[in-house]
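Structure first, commentary second.
A, B and C label the chains in the order they appear, each numbered from 1.
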Amino acid sequence: MIGWIDTLLQGLLLGGLYALFAVGLSLMFGVMRLVNIAHGDFIVLAAFLAIGIALGVPAGPALLLAMVLPVMVVAGYGLQRGVLNRTLGKDILPPLLVTFGLSIIIQNVLLEVFSADSRGLSAGGLETQSLRIAGDLAIGWLPLITLLAALGLTFALEWLFGHTTLGRAFRATSDDPQAAELQGIDHRRVYALATAIAFAVVTVAGVFLALRTTVSPSDGPGYLLYAFEAVILGGLGSFWGTFAGALVLGVAQGIGFRLDPGWGILVGHLVFLAVLLVRPQGLFPRTRD
Amino acid sequence: MPAALVHRATRASRVAGVAAIVAVLVLASLPAWADPSTLRLFVEFACLLALAQMWNLLAGYGGLVSVGQQGYLGVGGYALVAAADLGGLNPFLCVPLAGAVAALVAVPTSRIVFRLQGGYFAIGTWVVAESLRLVASNTAAVGGGTGTSLISIREFPKALRESVTFWIALAVAVGAVAALYWLLRSRHGLALAAIRDSERAAASQGVDIAATKFWVYVIAAFGCGVVGALYFLVNLRISPDAAFGVSWTAFVIFIVVIGGIGTIEGPIIGTLLFFVLRETLADFGTWYLIVLGLVAVVVMVRFPRGLWGYVAERFDLHLFPVRRRVSAGDT
Amino acid sequence: MSALLATRGLTAFYGDFQALFGIDFEIHAGEAVAIIGANGAGKSTFLKTVTGLLAAPPDRIVFDGRAIGGMSAAAIVRQGIAMVPEGRRLFPSLSAEENLLIGGYTKRKGPWSLARVYELFPALKEVRALPGNALSGGQQQMVAIGRALLANPRLLICDEISLGLSPLVVTALYGTLPAMMREGLTVIVVEQDVGIAQRTTDRLYCFQEGRVSLQGRSSELARAAISAAYFGSGVAA
């Protein structure tokens, strides 16, 4: 019994990391209907930027995060403005092909620079410390902080969308870009801001990922799939839905791993496919379309 | 006023048609005089060409962008190994069988993935492919994570093996192009074009959208399954990563970026260029892939219909004409 | 007195298809001008070029002394032109009040504020929290107008605001026009309802197949002349 509760807890904590992955993807899709196939690769890129800096500069994770954030945010804004904005339109193929191309570029550039070895970040001992709950049950501090960070970011994004002028502009542009233009909203700038914010979330995800486990250049696509599954499981239209979907995925994988180490990820996929079959709108949809 | 004529062939297409027939006849004779490595190269070419045409059918005409066709390729490959080694069937006859198995897998899969649209449909197909890869990894009978080899093919003498595989590859390549050409010239092709342009308008004309998409998806799965079997007929060693790797889709995407979709000659040109690039950049390892990625990004931003698509529109060049043209009088 | 908005020989294309064939149009500050015409006459196309949704040659449209052809729609809003689009096009993800607030995105200075819009349309106060598309047609139209007003424009364009509304509601909406214009607004009204267009404006243009087929003072134009110009059997005034 304790074993299953432990599995549940670890699954929820894993879900916290997946929520960090998923929320950025949800943001980009929510505002501009863009599915960024390189999303996972950008998380890995952010992780390697932090790892790369850490190789030369003795800095703790918080400082590394502070250093990588501006780089990624500016890169996201520039990418959207310079490249992705030009691909958005009625045809769904160009943005998919372009982001797929970006995925290949990032993976192979990282491979060239860092080789195929997997590397990680040190949290100065925090990785091994845990919080004792009851009896034999313990939660790692790092996974807990990850979950809390995900919670905080989800709350912040919901608040941004619901209560700020920019959030209103996001929602309006997402509903009807042309009518939004008629209110003076330059959709190219709005899209670029959305991507910049998404990349900020991606950076946080990348740093927490590198703290928790080792990362290798070709890990990106796997993380894209988890992020995507979390978004669909949760239902489109709300960040809390995505957060919940991520938790469900984490628990599903946790149960899978417990049954057989080779089955962990597969169980996650199967749960996703099953939910898609019987409840395609997701578990907690808030449809706005 | 002269009556308007509806016709399809263009001067360029008639020339291309004759050239194609000559090319196929020449190719058919290759096993008699070419060396084994050339034959192998052609088989790989045929695999990618057929794969590209399947992708063309799905995305260019069916409006379904799939990033998971490698799933059916893998199913085809493993079906070959299972049926030939474990089941004792003739490996060459297993090629169409592998296609059928892939098509069968596609039937229930379509019910799930069709819940999604656009970019999310694409990733959904990827999840399916990954799931299939994991199932193969966990199946000891076919070698699990490290894979296995196709053994039953060794009963056949080498020269015969190479020739028959080559002819199968030629048939697959020609078949894929011909099938697409035939399909698109038929009323089904019109239906596909109508769906691609406007689903609602097409539905109001009596086109069964769901059925059309379903058949397109299943046929494409069959094609990819056949390619999978063919590839491992030549490569003999199968593993989950080789069979289900997303690099298959990456290469097809590059081909599509160069050649464009929505035309039949586009994928042919794209595949040719891909092989040229591959042979010239073979020594550069990861840089070759970085170049591919950069080309994909730059070309897609500048020429959304692919390089060939741009050229075809600009110079009105149609080698495999599918559209009907109206003209007054003669040509 | 020079015009607030003037177009000279304005043409517009959708790809190869020409929709406007040299439109000469002008409106002076403080005027209310109507544009009428059948569907496909080019009214919407004209509005799209003026508001920047469709590209126009830079020198063919002059607003307040500036050539605005070729500017983006968002930039033109900042110049002081706001449109109440055909079909209202409220944002479903935003509440009625949020729809109003988004109108003020460009933060242009002027007499209009949320409070003043609620004064003009008191009925909106009760439904301010409902999502945009849950309102009745008349309420949606009020929100669409209020949203445009909150951009504090100098020129307000109303595109077919009578569409789908009962005559009573239409009369009430047009009844608010004088109050808006007292604040210094210049108004272009595009209408299918010729009667109300004539009654509420100073001058009138009739479009037909991409050309101006008739223009003149609204009160002086005879029904017969308008009919002829509307349907194309007439001669340009």
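In this text, a contact is a pair of C-beta atoms (placed from the backbone, for glycine too) under 8 Å apart; a residue touches a chain by one contact, two chains touch by 3 or more.
Not measured: the values here are computed from a predicted model.
Located most centrally within the structure is A, per distance between chain CA means and the overall CA mean. Taking A-C and A-B together, the pair of chains sharing more C-beta contacts is A-B.
Of all the chains, the one whose CA centre sits at the greatest distance from that of subunit A is C.
Centres computed as Cα averages put subunit B at a distance of 52 Å from subunit C.
Measuring from the averaged C-alpha position of subunit A to that of subunit C gives a distance of 44 Å.
Centre-to-centre spacing of subunit A and subunit B amounts to 32 Å, using the average Cα coordinate of each chain. Residue positions of subunit B with contacts to 2 or more other chains are absent. Of all residues in subunit A, only 29, 33-35, 37, 83, 86-87, 89, 91-98, 100-105, 107-109, 111-112, 221, 224-225, 228-229, 232, 260, 262-263, 265-266, 269-270, 272-273, 276-277, 280 touch subunit B in the complex they form. Interface residues of subunit B, counted against subunit A in their complex, comprise 59, 65, 67, 111-113, 115-116, 118-120, 122-124, 126-128, 130-131, 134-135, 137-138, 145, 246, 249-250, 253, 256-257, 261, 286-287, 289-290, 292-297, 300-301, 304.
Listed in rising order, the residues of subunit C touching subunit A in the complex are 51-53, 72-75, 77-78, 82-83, 85, 89, 91-94, 98, 101-103, 105-106, 147, 151. For subunit A in complex with subunit C, the residues that touch the partner chain are 165, 168-169, 171-172, 174-176, 178-187, 288-289.
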